[in-house]
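Quick one: this structure, given as structure tokens, is what I'll be asking you about.
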């Protein structure tokens, strides 16, 4: 058996080493290539390459996994389920664990960020807005996912039921008031913004309470941002 | 006839086994490769590969289907209609059923989720928002698709006509008040958010009715999210 | 001349039949491959393949068209203009007609859907919203495209000028009140939602007119959805 | 020197004619292939193909340019900068001019479309909306780009400074009131909608002025659409 | 050792020069190809090509880097992490620096642009809107990223703490009032718009202050745009 092995996987040609193919003892590739009994069951194509009757394109990732012992798929990889089928066929349990673990560690789902905001006005009124003023950033979604994304910055004190992490809650909020930091946290954890909507408040027939800044009151709005992880 | 068959499909080379090609008796491939009569009608290219005058790229999925007897296309696959044409050519009715069944089981369409919400304020007023408060999550769309996505969480009691599943309704709502759960349900069923819009309410010349929290009333808003499945 | 023809199109190798190449008498391929005069002008590469000095990748669709006599491009195909150039080079007028006809039949453009909506409240007030209430779905865009998408469900009675189909109108509305049905119609015709925005209404200093439900009045909103076909 | 030339560009094989390679006298390809002095500096691969130590994939577009003397890239082509590097290497100034000219003629940038709208109500009030009513479509962005997109339909009369085309303005509006026509113009010029947002107006403590339709006044809203060209 | 080297990288064939492979002395490729000791450790495939047991597809960018000594990846390249692994394997520190530097120079993150706007009305009232009127464009996000994008056009005077560039701020605004210029700046720096939302203001029970234009006041709105760089 030569050290360099030429493979024909469903018509796509790969070249690798025997060492790479034998890297994991539990796999079908080890069964096939470890000894003469296995190799004898392998057919060869007309150029003498060992033949595997599987999808040729996806074998690229099977081989990469064997070389590096780690799963590193392209961003936005779209053949995850097809790849899983290939890993199952080759009994590559370490790779299957990675594919599934990747999904378990980063389960798909949705988190909503909402904030009630207005503006701090200076003494010169409207033209002199000092800055954006947020009273609180609300976080809604599945408990476990909110915790994964926001960690220590998550305030759970309003959530009466410190129950199962699989339930949904709309009672979390953040300890800080920077929505951009919240967005960055979500982005770092693989969420993308899927939608956003805003609404103002209604005026009131009643006079505002004493001490409430009328102008600030008028500008109250609620902006809501939906994030999804595929 | 060798066990390993080299194919030239429109210029793209595939390698597979005779077994795979004969896997389904009703197909054109079975007709062509099962016996000498069929094989004699097959031309060969200059390297002796059996030649099929069809699209070379799509044959990848034809072969995958024959190997696994299951349809597993890449996420976001964009040549479904072209693939259907190939499956028709090869008389691969099992695969055609899968392509069509896939579409029937997950028909394209649109579902709208809307909610009327406000905030529960604590006794310290504006700065002390307790949590988001939703009165009800409305679900609009085709009856069958709404049922498929929301199952038992769908409340149909307001929908007077328990008629045909193909009609549209705007009278469904959910039994729970977590929009994130609704979004997750939609996402799990292959819908993606296509748009979102929000609006506040108008103030009223009349005094609010006794017992209504003025502040909560001012923050009433309606947010609407449109989901589409391609 | 063998029945199976091996082609080298700009370095990409295709295999097809003479029959396929001669399928359409008006084409350059027929000129080249029908008789010895044409074939003698054709150069061959070092492996004896007939050589065509054109883009190798796009020839896939030229060949598919000759095989099936129908144009079936991938969804979201992004080389339409490049393909048109190739079809022109090969004098494949039937294919050119398809490419252009495809564009004429489904011209790119934009349609806006807007609706004025509120909610039907039950006797228990806010908490007892019965359902979404739409007064009318407005359709704006080019007359011909609106008709193509909405057909019989389009009400043109408010449009005073039943003039040319190329003019724009903002006076169409639908005969039904299901925006999801409108979205489905648009989606079926190749439009995708590009944007969405909502707005509420202003309160009024005047008392609402007798018989108008105050709460329903407050929740009036206008949601607008822009659809584009590329 | 044979008329048909087989090339190995960084490992990707192309076949073309000597004629195509010599099409432009100022290029490195002409230097290399025009006479024996150039050709002698060219290495050959083991199969006798002329070898060029450059990116093999991008050479497809270099060759297409030489064949057609025109630049036609796929829609959404994402290797423009990489291609420019290749054109520079091959001293293909005509192609470089096209790549740069393409960018100069269609510079990236953003245009915002906003409109203030309401509805024309019939005599039966709310349920009898006649049509969408726009008072004016505002156009904001860089002067030159607004002019390129909207041409004669652009009204510049409110823009006091008819100065440099590189400055930004928010004082343009359109001569017509069809936002769909504006969207179509933008779409035709390669812009896509990147965002959209709407807002209603506030009620007023004062009674509306005589002659103002109260209902129409309440429905006033401002919708804004941001378009970007990459 | 011939000047032209044929490589088999995991089954994908590349052709390059010895010169290109030896371009950087610190790399594994230099170790392997510089002298006979290294070359003797290299296996060859059945066609005599030097064999490297690594991903064949990504080697395209490794080779491009060696040829041009510069990193130029396709726009929207999605295998950056996989490429980094390859660069690490080949000890191509110059390339690793580029990949990392590229990320450090353009760190992912989010910037929010908000503006409070209304319209300048002419003496003929509503129908005679002069132009959009923005009082101030607010910029929120991480200090360093805001500075990178907006440079001299950023006004930091309201930000009391001229502290670390890693903190978030919501107190920056722009020195000009053209949101399109802000969008262009963001777009030029690789940010894309991820969401947008608008809200109007509430009416007030009090009469507007003398000198305030009532109509302009009613149209006040806050539009917010979220930009993300991946």
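In this document, chain identifiers A, B, C, D and E correspond to the written order of the chains, with residue numbering beginning at 1 in each.
Just so we're on the same page, a residue touches a chain if its C-beta (ideal position, glycine included) is under 8 Å from a C-beta of that chain, and two chains touch if they have at least 3 such contacts.
Which protein is which chain? UniProt says A, B, C, D, E = BTB/POZ domain-containing protein KCTD12.
Keep in mind that what you see is a predicted model, and the values were worked out from it rather than measured.
Q: Shortest hop count from subunit B to subunit E along touching chains?
A: The distance in steps between these two chains is 1.
Q: Taking all residue numbers at the subunit D/subunit E interface, are over half used by both copies (same) or under half (different)?
A: different
Q: For subunit B and subunit D, what's the span in angstrom between their mean Cα positions?
A: 32
Q: Determine the centre-to-centre distance between subunit A and subunit E, using the mean Cα coordinates as centres, and give it in whole Å.
A: Here subunit A and subunit E have centroids separated by 20 Å.
Q: Give the residues of subunit C that touch two or more other chains, as numbers and ranges in rising order.
A: As it turns out, subunit C has residues touching two or more other chains at 195-206, 218, 220-222, 224.
Q: What kind of graph do the touching chains make: line, ring, star, complete, other?
A: If you draw each chain as a dot and join those that touch, every dot ends up joined to every other.
Q: Given the complex with subunit E, which residues does subunit A contribute to the contact?
A: Contact set of subunit A toward subunit E: 3-4, 6-7, 12-17, 20, 47-48, 60, 63-64, 67-68, 72-76, 119, 126-127, 129-132, 134, 176-181, 183-184, 187-188, 192-193, 195-208, 214, 217-225.
Q: How about subunit E: which of its residues touch subunit B in the complex?
A: Touching subunit B from subunit E are residues 197, 199-200, 202-203.
Q: Inside the complex, what are the residues of subunit C that reach subunit A?
A: Residues of subunit C touching subunit A: 198, 200, 203, 218.
Q: State the interface residues of subunit C toward subunit D in the complex, per the touch definition above.
A: 8, 10-11, 43-46, 51, 53-57, 78-82, 85, 108-112, 114, 116, 135-136, 138, 140-142, 158, 168, 170-171, 194-206, 220-222, 224, 226, 228, 230
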